[in-house]
Amino acid sequence: MINETTIKARYSETDQMGIIYHANYFSWFEIGRTEFLRSLGMEYKELENKDVLLPVIDVGCKYKVAAKYDDEIIIKTKLDNLKGVKIKFFYEIVRKKDDKLLAEGYTQHAFVDKDLKPVNFRKNFKEAWDRLKEVNEN
Amino acid sequence: MINETTIKARYSETDQMGIIYHANYFSWFEIGRTEFLRSLGMEYKELENKDVLLPVIDVGCKYKVAAKYDDEIIIKTKLDNLKGVKIKFFYEIVRKKDDKLLAEGYTQHAFVDKDLKPVNFRKNFKEAWDRLKEVNEN
Amino acid sequence: MINETTIKARYSETDQMGIIYHANYFSWFEIGRTEFLRSLGMEYKELENKDVLLPVIDVGCKYKVAAKYDDEIIIKTKLDNLKGVKIKFFYEIVRKKDDKLLAEGYTQHAFVDKDLKPVNFRKNFKEAWDRLKEVNEN
Amino acid sequence: MINETTIKARYSETDQMGIIYHANYFSWFEIGRTEFLRSLGMEYKELENKDVLLPVIDVGCKYKVAAKYDDEIIIKTKLDNLKGVKIKFFYEIVRKKDDKLLAEGYTQHAFVDKDLKPVNFRKNFKEAWDRLKEVNEN
């Protein structure tokens, strides 16, 4: 399953090179995984209310073509490498007007509680886990 | 009392106009009041640990000359209008190399607890209040 | 004329108080005026291509109720105080689910060229000016 | 050669997990390489004035321990993998008070001109190139 969410690149996200500042792609990835989870009936804010946080432990991104202010951007998100205490998302950033791939990246997350201690998501949230497992690519 | 703190304008803070994006001055103001409070022996993070938060309720800023990437910036912070449930800071943003005033603004804050309910700071934190009162401009 | 644009508050926009960091409302205002101008057939990026920039010279915002992560937010934008070299926008930030007013603010802008020198917009861009004048509130 | 630059984690950089939002480490890396280049007598803003930009083409970061508001942070930057059209920096993010390694990452950059076309830095900026070559780790 791939979730597609569309946003518009903001002026506040540009830098003096005239392109979107590279770090902002990671906040776009974050939008992608929020919507990915929502599409499975899991609201990330509800997870946090149940004391499950998903801090980022590993990220990467390759930039191919620069996104610019006001570009319509499709964030494509999929899931991979679901483990008992970790979850990994892959993303493609695509320019809507010509379907050009601008960047691709990943983020890996730990399942932890509010004190940042590991949570066994598979065991404690079996139903949610099963839904994730179903759409896991590998 | 005026606190002076020096920072360097970051590339990530620029926009495609080639200047510092205006909203970032408010994070500079936030640095100014953190250091203002520290200079009085009050760590803002300690206030939060004691369940006193200072959310912003009113802000303003006038921009005169644009700050640019890598400019050394002096943030001048002073206190005014201290009330039992509110506190107001004034700021000047000055370019170090020529002492040019780039912007001036203010932020007003409520004293609240973690549930965002008002806290009577004057009563509950008498010692801290007295220190603030001493350096209050009016 | 009031333009209404809907966005979702991002995780990256929160702070450790658990609310949207106050400075981010100014990037929401910027989205509002981009869409306001677009609704009049004026793309802000096209203005920049024609060497008209709109740097911010004065801003203010009053915060009433905190926006939170994943809130659907309506940005209401209108125009006021159009002058030959300046333009002022007013904004309301409204929480969609209960139509609650969260914040209101304004931004005032100068018309300048890429060297940040004043541009007489009224004279040099008569057609655009007339369209703005038509929807100006005062 | 390793450049060490110290900053303080800002409130604006936190998120509602109570830690520094992960994308902000990339703006810290950017501070690190600005200061790395400055220590070699190369101001990044001067490079841009000479029409050499260094857009990011590949990044990665591993997060070990979360940075928190007001932490003093040492950014350690070194150079590696200098090629004719590319340059790669490595970074360590260290908490000053206990010398704890919080994160480590890299950024790779292309040498391009203002139109984002490749520049042969080695050939066109021989003196600067030689200085970089001297401190290149491999």
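Note that the chains are named A, B, C and D in the order they appear, and that numbering of residues resets to 1 at the start of each chain.
What we mean here is this: a contact is a pair of C-beta atoms (placed from the backbone, for glycine too) under 8 Å apart; a residue touches a chain by one contact, two chains touch by 3 or more.
Bear in mind that the values here come from a model prediction, so they are computed numbers and not experimental data.
The chain with its Cα centre farthest from the Cα centre of chain C is D. Between A-B and B-C, more C-beta contact pairs are found at B-C. Chain centres here are Cα averages; for chain A and chain C they lie 28 Å apart. With centres taken as mean Cα positions, chain C sits 24 Å from chain B.
Note: centroid distance chain A to chain B, computed from Cα atoms, is 33 Å.
Residues of chain D in contact with at least two other chains: 11-12, 16-17, 19, 23, 26-27, 30, 69.
Residue ranges on chain C touching chain B, taken from their complex, read 16-17, 19, 22-24, 26-27, 48, 53, 55-64, 66, 107, 116. On the side of chain C, the complex with chain D involves touching residues 11-12, 14-19, 21, 23, 69.
Against chain D, the residues of chain B that register as touching in their complex are 8, 10-12, 26-27, 30-31, 34, 43-45, 68-70.
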